[in-house]
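Each of the next two complexes has subunit A plus one other chain: subunit B in the first, subunit C in the second.
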Partner chain A sequence: MKGTKVAYFFLLPALLYVLLFGLYPLLYNVSLSLRDVTFITYIQGTARFVGLGNYRELFANPIFQRTFSNTLLFTGLSILFQFTIGFLLALLFNRSFPLKGVLQSLIMVPWVLPIIVSGSFFRWFFSDNGMLNGFLLAFRLIERPIPWITSGHLPIFSVTMANIWLGIPFNFVLLYTGLQGIPEELLESAEIDGATGWQKVLFIITPLLRPVILATLTLGCIFTVKVFDLVWIITQGGPGDVSHLFSTLSYSLAFNKLHFGKASAVLIVMVLVVALLTALLNLFQREV
Partner chain B sequence: MRWYRLLGIVVFLDLFLVVLGGAYAQKVTVTIQDYFDPAGGMAKFVDRWAEEYMKKNPDVEVKHVYIPFAQLLPTILQQALTGTLPEVVMADNPWVPNLIKAGVYLDITDKVKEWGWENWEDFFKGHRDLTSADGRVYSFQVTTNNLALFYRKSLLEKAGIAEPPKTWAELKEVSAKIKEALGIYGFGFCATASEEGTWQFEPFLWSNGGSLLELDQKEAIEALSFLVEMVEKGYTPRDVVNVSGQGDVTQWFINGEVAMMENGNWEFGWHLTPDVLEQLGDVGVAALPVPKEGVKPIVPFGGECYGIGAGTKDPKKLAVAWEFLSFIASTDGMLAANLEHGGLPTRASAAEKIAAQKPILAPFLEQARYALPRPLVGGLEKYPDVSSTVWTAIQRALTGMKTPEEALKEAAEAIRGLFSPEEYEAYRKQARELLAAAAQ
Partner chain C sequence: MKRKHHRWKWTVYALIPTVIIILPLYFIAIAGFQSVAEIFHKPPHLFPPNPTLAYYRDAFVTLSLYLKNSVIIALGVLCVTLLVALPSAFALAKFHFTLKRPASLILAFTQVLPATAVIIPLFLIFNRIGLINNYLGVIFGISVFTIPFATIVLNAYIQAIPTGLMEAALIDGAGFLRIFLSIILPLASPAIATASILTLILAWGDFIFALSFLKERTLQPMSIGLYNFIGQYGVQWNKLLAGSMIFAVFPLVVALLAGKAIVAGLTAGAFKE
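This part shows the complex of A and B:
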């Protein structure tokens, strides 16, 4: 009994930390999102309680609707490609070949680069007079520059491409580490039973990797829904407002328009979406 | 036997510290808070004033605190909420109406009257309008900047052009010749998804008689259509919607990718420093092109304001804060500060003196006399909202998502929706009056 009390005592710092820096800001954010908080009402303390008014306005606003679908598209495509490419690379690197070590560290480059660097690079890479268009023009693949980030429909796909590039190393490392844990004997005996390469992947590797795969997807979802810096550096949510994600829309509502209440509401929606996605993935894990 | 000796020393040291601390506590601490780059001219100027003041007044400690640009507004917000505002509060000029309305600044009207009302009247009208409300004075704008046309003489000459363009038609013509002769872009401006995008559009809008609060009118549509045409004809890179800021356009200009650009006088202290100017050897500045001959280019102004924090009650602290304010707002103080900072003075007397020393600033100084405060012609405390609606519309039109008419019609509706009908009418009228006064 005494032992448990001591144990709780040791828990205290962590608990305080979570309460102070996790729960309190979250609850404060919820309370902001239910009030009409702007610069002036915030200082004067005269922000009215508007209930779900901020949320209602957001969901009726076409910019927010677009942001919602943008975030889902961005997350879905990013995860799909990052995971597939990362998985294929992990399978490739699971066998030995010359220069493996060098290539492996090269794959990590996107993860090591500060986002301000890769973001600035992509802004130039995708611009009308940038590297991508220059390349396509030089090889006569196109006749005039493609407006990757200067048009209405392409920018969200362009920033998604940048994010896929950025996320491959993360997926690769986790899956590669998982692959190392699969006993060699299992694969060997499968080979003796006459299993082809793809059969081994489908019926041995994938089931055994299931916990790792789910962890990778869960973390990937959480990271991707929250992405801010990359998109902010490349497009600032523009042109117009066609490439906003929840995070960039919230920032621009708070610090461009000084609507702190609405900005908080966007963030709460973002937290709910993350929670929902994580819960769905957890459901898979339980089914094992 | 030694322990009591040790105790004696400790007691003595303690007493010594208490006495020292007492003397220290009597010192009055006054804080000047701003976002000027600590290595830059303005910060050094303020530091020097603080040092000299402390030398003359040993009982006063003046602290100069730097807060990065992005942090200043949140910091002021927090300080205002907790009653810990510093004695001297600096702000970027578009925030000032919000800060006055939120009660961040102390009313200094009586101090100004004591100082001499003629000092106040020496400030250009736009700056007076911005830093006062209902006839009361709340802060001083001490430095300003605005936008003009930068051009590369040698590039223009290569295309057979002797004089920089004065009208929109000439700007188009010159750009066409440059494109044909040199294969580069004629004209660069900044159309990012930020205040910079709106601010660079305003000269085109206002010089053509348009208003931020009546964007569906033909004057506004003409202004935006002109910029859209520049992009569509390939005279301006479409990338203007995605530059990280006005500095990027200057990079194009320095690299010779654009022959002319719309930009501000701060560039002389940032990218176009004396050594760069010398290296290029062909940079000229002219007033921004206007819709037709005989029209004045009406530009918005930028720059920073100092005022006294609302919580400053102690008369001693108030006196120090006012001493600083009235020095940096005096003709000579403002002149020296701006020479070091690379900005433009906001008082007629100081502007005259700086024009004699730096002739390249002439077009900026001429425009500064009637430049407009953005919030006062754009819905006052709702200006941030108005501005973001405007830059969104500009980007939609420049990227061809919407025609200028459609984009501006939507923006006009959204802007009307920000206000009650009476509010809207009042702000619209105020904007019209200020625009008309500037155009005269």
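This part shows the complex of A and C:
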């Protein structure tokens, strides 16, 4: 319909809202990251301009280097497993059977549970005398408790496992919806031609689903690189800063150490990594 | 008969991964019925050996104030979100205008922004204007993400409402505001329900905004009440998990009653992972 002025009138509140509370803060980070902003210098208004100083310090810092590799590891492993499991589930549910609706709703459970609930569970599950060690000890698979989240190199892998569980519904739903769009006759005629189940998946479903697959992977990347709550609840990035992701490192720099400038620099790096990953995936889309 | 039998086979196949996926929820639920000694028993109990409601009752009493705050915050977010998202969805769905594409892009972009990327500046700004330790600060923060999401979900639906209806009303002399209020809103009610359900679930589950903006205990929602619990030395895990279960009841009931709506909304908005 026509009525441009009217349209802007209706759109204005939402647009102003996201500009003011979303984009402006995002850009404000850039300015913070170039200055020496701590709580005191912010209050007094004396934060000096330090150029790329915050960034230089970060990249020279072993904790940041570890955070960088943690984030890539966390994202890579999470997506690999979430996507595979979600895809297999979507294939499994891509037919009608009794109680399908109920089971589908149950698969959504990790998505609807408040993060503090799943986070608390996993913190207990992975704790030294928690459930996982409880089972492993009882079946004599291990002799002493494994420090899943309390020391060594394991914490980042433990939170990754928790995150994989968390991400299954998302991948399942997007891929399942994509599968619904594939005409059944196509699969039936392939069957008549003697295609096995896996041949159908490989040669018919996957190519037809390519746009959905890429969208799922792209969104998965965006959402996984930025994970905060789960890690904050299970390990707070610890022990000894070994299990930080960009978001948790930034948060602890800002709210524990009150060094807002450095915290913002970490965020800008995170946003750039997300942008790079998204661009790479879309490049791939264009080439195939 | 044979055909039916064949289909039940797939129910069994699908049941196995489903059970594995909801197993954590089962263990959370039964932990609340056991004593601390029982939940740390090796091997872990698969059923509570001496079930008692005492810990659930305890947790409910300790946490009821937090629960009230969760309700206030979730309803606040719902109001702000609908108030802002409904008109914008109407504008994007039913009008052609120059800035339509940039506006949609900005909304889609905001929706995938990391909360951590806005939280530091918002904290500094809100600190200046008195929105820290104030329900409104958290409500405004969460709404940054629910508004674009709700707009996208609503937009998809309102587009499908026949434009002819509106044009007829225009000819009859109705204004755009009138059309919005008495044609679009009633017809879009299923989409409003879906958007509301998802907004409530997201606001209910929020952790980071309440963690950063509400330091005063009397204002904190359940997510932070439970988090304070974990921070204590010598956590009473059974009580904590009982409290978690109480907190999870609302989204779980909604998921079971409105599973279809969640799936539809999630696909349209592709919001939270």
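Heads up, the rule we're going with is that the second predicted complex is superposed on the first by the 262 of 288 C-alpha atoms of A that agree within 3 Å, B and C clash if a C-alpha of one lies under 4 Å from a C-alpha of the other, contacts with A are read in each partner's own complex, and residues count from 1 in each chain.
Operating definition for what follows: a residue touches a chain if its C-beta (ideal position, glycine included) is under 8 Å from a C-beta of that chain, and two chains touch if they have at least 3 such contacts.
Please read all numbers here as calculations on a predicted model, not as lab measurements.
**Q** In the overlaid three-chain picture, which partner chain does A:Ile40 touch, first (subunit B) or second (subunit C), both, or neither?
**A** first
**Q** After superposition on the shared chain, which partner residues are touched by A:Gly53: those of subunit B (first), subunit C (second), both, or neither?
**A** Touch status of A:Gly53: no partner.
**Q** Does subunit A have more residues touched by subunit B or by subunit C?
**A** Looking at subunit B versus subunit C, the one contacting more residues of subunit A is C.
**Q** Does the superposition put A:Lys257 against subunit B (first), subunit C (second), both, or neither?
**A** The answer is first: A:Lys257 touches subunit B but not subunit C.
**Q** With both complexes overlaid on chain A, does A:Val271 touch subunit B (first), subunit C (second), both or neither?
**A** Second partner only, subunit C.
**Q** Under the stated touch criterion, which partner chain does A:Arg123 make contact with: subunit B (first), subunit C (second), both, or neither?
**A** Touch partners of A:Arg123: subunit B and subunit C.
**Q** Show me the subunit A residues, by the header's touch rule, that subunit B contacts in one structure and subunit C contacts in the other.
**A** 42, 120, 123, 129-130, 233, 255
**Q** Write out the stretch or stretches of subunit A touching subunit B in their complex.
**A** Subunit A residues touching subunit B: 39-40, 42-45, 120, 123, 127-130, 147, 149-152, 233-242, 252, 255-259.
**Q** Which subunit B residues qualify as touching subunit A in the complex?
**A** 70, 73, 77, 80-81, 98, 101-104, 192-195, 237-239, 241-242, 244, 381, 384-385, 387-388, 392-393, 395-396, 398-401
**Q** Provide the residue numbers of subunit C that touch subunit A in the complex, in ascending order.
**A** Per the stated touch rule, the residues are 7-11, 13-15, 17-18, 21-22, 24-25, 27-28, 31, 40-44, 83-85, 87-88, 90-92, 94-100, 103, 106-107, 109-110, 112-125, 140-141, 143-144, 147-148, 151, 163, 166-167, 176, 180, 201, 204-205, 207-208, 211-212, 222-223, 226-227, 230, 237, 240-241, 244-245, 247-248, 251-252, 254-256, 259-260, 262-263, 266-267, 270, 272-273.
**Q** Spell out the part of subunit A that touches subunit C in their complex, as residue ranges.
**A** Residue list for subunit A touching subunit C: 1-4, 6-11, 13-15, 17-19, 21-26, 28-29, 32, 42, 85, 89, 92-93, 95-118, 120-125, 129-131, 134-135, 137-139, 165-168, 170, 173-174, 177, 215, 219-220, 222-229, 232-233, 246-247, 250-251, 254-255, 260, 263-264, 267, 270-271, 274.
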